[in-house]
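Shared chain: chain A. Partners: chain B in the first complex, chain C in the second.
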Partner chain A sequence: MGQNIRDRLLSLLIQYQPQFVSGEEISRELGCSRAAVWKHIEELRQEGYEIEARPRSGYRLLYRPDRVAPEEIAYHLHTKKFGREIRYQEVVASTQILAHQWAREGAVEGSLVVAEEQTEGRGRLGRSWYSPPRSGVWMSLILRPPILLTEASHLTLLASLGVKQGIERVTGLPIQIKWPNDLLVHGKKICGILTELRGEQDQIHYVILGMGINVNTPEKNWPEELRAIATSLAIELGGPVHRASLIAAILEELEEVYDHYLQSGFSKIKAKWEQSSGIIGKQIVARTPQGVITGIAEHLNDQGALIIRTDRGLVSVHSADVSLK
Partner chain B sequence: MSLKMHEIRELIRLVDESQIEEFEIDKEGTKVVIKKTSGRAQIATAPVQETPLAVSTQSVAPSVSAVATTPAVQPTAIAEPAPAPTPASPAVEDEANLHKIVSPMVGTFYRAPAPDADPYVKEGDVVDEKTIVCIVEAMKLMNEIEAEVRGTIVKVLVENGQLVEYGQPLFLVKTS
Partner chain C sequence: MGQNIRDRLLSLLIQYQPQFVSGEEISRELGCSRAAVWKHIEELRQEGYEIEARPRSGYRLLYRPDRVAPEEIAYHLHTKKFGREIRYQEVVASTQILAHQWAREGAVEGSLVVAEEQTEGRGRLGRSWYSPPRSGVWMSLILRPPILLTEASHLTLLASLGVKQGIERVTGLPIQIKWPNDLLVHGKKICGILTELRGEQDQIHYVILGMGINVNTPEKNWPEELRAIATSLAIELGGPVHRASLIAAILEELEEVYDHYLQSGFSKIKAKWEQSSGIIGKQIVARTPQGVITGIAEHLNDQGALIIRTDRGLVSVHSADVSLK
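Our next item is the complex of A and B:
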């Protein structure tokens, strides 16, 4: 309840900005007393919002801190399910861990865990993910897809399409997908997607899409070993990106791709992925746990595995680090 | 709930695309047995150290069939009613009494959450239904496999980093 009133209060202030909105109007809109309005204004101030209060004029928003709190995301969000329930924390070990807990407690599809900072952000197979405070989007989305477990790998490919479209919509930057779902700008990584599944036999209990996006990380802050391979949207764009609107855009695009997939299946997603990837038809090197494979990336199969034409014939790859040769 | 038509169709497709020769499922009153009778090359999925290539059996030129350097499982007479020998399981003795944890999808088998971490389980470890025994990965989807039974791990049937098929046994468990 309190959260909801604060969401709406912030929305009002943003709508009126740079004008004043009267205390009377706020209390009418929110259906609460003027004293309660004052209390919520104070809470927002504690979060870093600068709000001017003037007798007979009301309240005016002067400064909005860059936060990924639910009230900030909600203001920009037009989805049916994705991001409609949000758990937000300033600092977490990893949003994946919280999302697993929440999913086990029964979180509904589309529930989102988001944090300003991760102290133990992780990627595939225990690799760490650099997640410094207030500079990126670190979030985990809970899905309960009504599909067969053997088809669940489709989700990682469709996720890359949704996130790509969301980032492109907000920044206009050209994003390329590296198989299966890393996102690159000018050959450097800006987003990784880690998907974790819990289920049994052929039944999926839940799937967590974990996303790490380098948004406003300045170049000087990157650890040395990452500079050559990773970049941020701000570096590529020459200016900061509003993270809460970016999250909203990504959730909208993801929801659309996901709904489309549930209705029409994988074939169109696959075709779109192949167009967007930047590796199909090119000479690549795939480092798999079973060895190194070089050849030409041909297409995806119906599971989303990458088919590579080698001098020994066609080979399908399910796990690999892929790079252009 | 018994098996639905589309589930059976899906099963046939999966078995067809896989390297499994014979498949049997008994689910609440519906029993489905799928056998391949074609003279297709038998493909061993046992640890293949020398051959890094995972050969896709679908949409692939027929000339590119299998590569297996390890002693392949003997193709057995398909008409026999006995349960088909599972690839990669060397012993025969008590296996019938042991529970098999099988892979729910095609992917890469990992015994540990990270290359430098301890394996989830070792032979001799006691597990319960919720114990995570391994990860199977495909397209960066990490599927943490739970034991789903109570018991003791008797044998780990596949190597870390190996490609596993749908339905391939991963562990043998003596249930308790």
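Our next item is the complex of A and C:
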């Protein structure tokens, strides 16, 4: 309940910004005493919000810290299920670990784990993911789709489409999808998606969509070896992006794509993915566990595998690092 | 180390049974004092072993309790990896739960969880599995196959083949496989196999093969509703089966089938499965989440789906309850 009042107080301050809103109006809107309002204002200040209090004028918001806390996300969010339950922590080893744990404990579909910093952020195949504090979006979404294990690769493709649309909506930057799970801006990595799941043949118990997005990382902060291949939205835009709004936009787009998939199946998503991809129709090199495959990326099959036309005919690839030749 | 000495002591006693083995020989073989031998004898007695001690003759084993403890399994086991690490408990909620936990903590391939009793034994799709104390084999095997998520259904089929061969070797009973995960004797259920896994698109983190086998359950102990559809090996054989030997035989057959699969792929296993199945070539009814399909079970496809010839052509089924028509 305290959380709710603070959320509503913050919403009110944001709504009036840069104007003052009177203490009287706040206490009327929130249905609480002037003393309680003051207590919540103090709490917000402790979290980094700068709020001016002026006698006879009331309160006004001067500065919102760039936090991805539940109340910041909730303020921007218009979804039915995605992100309606949030577990937020300043620092985690990895949001994936927390999400698995929560899912096992029975988290509902759409539950979200989000953190300001990951000390052991992970990418695909156990690779590490650079997740410095307050500079990116590090989050994990819990899904419970009524699909088979053999259809699970649809979810990675669906997720890359949803995240792409969310980033484009907020930044206007052109995002390309690199099969199977990376998003690129101008050829450099901006986002990785990690789909993990637990299930049996007939039933998926849960899926965790892990997303790492480089939002406000300044170029100088990148580890040397990443500068050539990775970038951040702020570098490409020339200015910072509000992370909580970005999260809200991504959750909205994801929910829409996901609902569409559950209702109408994979075919439309596949077609849209192929259009959005930076590789379909192009000469590519796919490094697979079985060796290197060179050819033209033709299309996806119904399972989400990438079909490559090589000198020796069509080859389907389920797992690879793909790059343009 | 204490565990090892006790295992070796038990092996020695079993080897000499029904003869005596002298305390002097035991202490020489085990490289420990006569007092230490006595201590281990006492431990075994506390676990239900009856051991006679006679001055000047030594010790002899009179009775081995029917336990599925690691030392009992180890005595019969000739595998490279399967069952070489065992976690054993008298009572568990479900061996699957423990196995998932152990796998997350890094259990090596072939690690086995086994219990005398399950209070919340589970079957496919969250159904319950009747697992009364000391009357069955309730175990979960941890695997780490280098395969894709889309190939995971191979493992259920492979497991049903391995378990069938293990049971047949020990009992001589004719076992039929019912797609996808049940074993039958004379048309009644003797074993269920539950394949659960955690992974991502490119990589399986681990698979848990859960097996529930009705070994020595007397008919009168079955819940009423199960008597018509389930049976135990003891009922069919007319006498009890030594559970630890059965576990060892199953692990050996499983390991062989699994190694063969990793080296040579799914095709031979598929062919063998089709031969062993009670349904291929027969008129069946498959109850799927999407509705009831009637037709002739033709074969398995490369993914392990069941292909059924219906009035409207071939249909592939990934998930169903199948019965003969």
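Please note the rule applied: the second predicted complex is superposed on the first by the 325 of 325 C-alpha atoms of A that agree within 3 Å, B and C clash if a C-alpha of one lies under 4 Å from a C-alpha of the other, contacts with A are read in each partner's own complex, and residues count from 1 in each chain.
Note that a residue touches a chain if its C-beta (ideal position, glycine included) is under 8 Å from a C-beta of that chain, and two chains touch if they have at least 3 such contacts.
Nothing here was measured: the structure is a model prediction, and the numbers come from that model.
After superposition onto chain A, partners chain B and chain C are found to clash with each other. When the shared chain is aligned, chain B and chain C each come close enough to touch A:L148.
In the superposition on chain A, A:Q290 makes contact with chain B only, while chain C stays out of contact range. When the two complexes are overlaid on their common chain A, residue A:T79 makes contact with neither chain B nor chain C. When the shared chain is aligned, no partner comes close enough to touch A:S22: not chain B, not chain C.
Of the two partner chains, chain B and chain C are each touched by A:Q303. When chain B and chain C are set side by side, the one touching more residues of chain A is B.
Looking at the shared chain after the overlay, A:V317 reaches chain B, while chain C stays out of its contact range.
In the superposition on chain A, chain A positions 124-126, 148-150, 152-153, 156, 180-181, 194-202, 289, 303, 305, 318-319 are in contact with chain B in one complex as well as with chain C in the other.
Considering their complex, residues 7, 10, 14, 48, 51-56, 58-61, 63-64, 104-108, 110, 113-117, 137-144, 146, 148, 160-163, 166 of chain B touch chain A. If you check the complex, the residues on chain C that touch chain A are 124-126, 146, 148-150, 152-153, 156, 180-181, 194-203, 205, 289, 303, 305, 318-319. Remark: chain A residues 124-127, 148-150, 152-153, 155-157, 180-181, 193-202, 207, 288-293, 301-305, 307, 310, 312-319 touch chain B in the complex.
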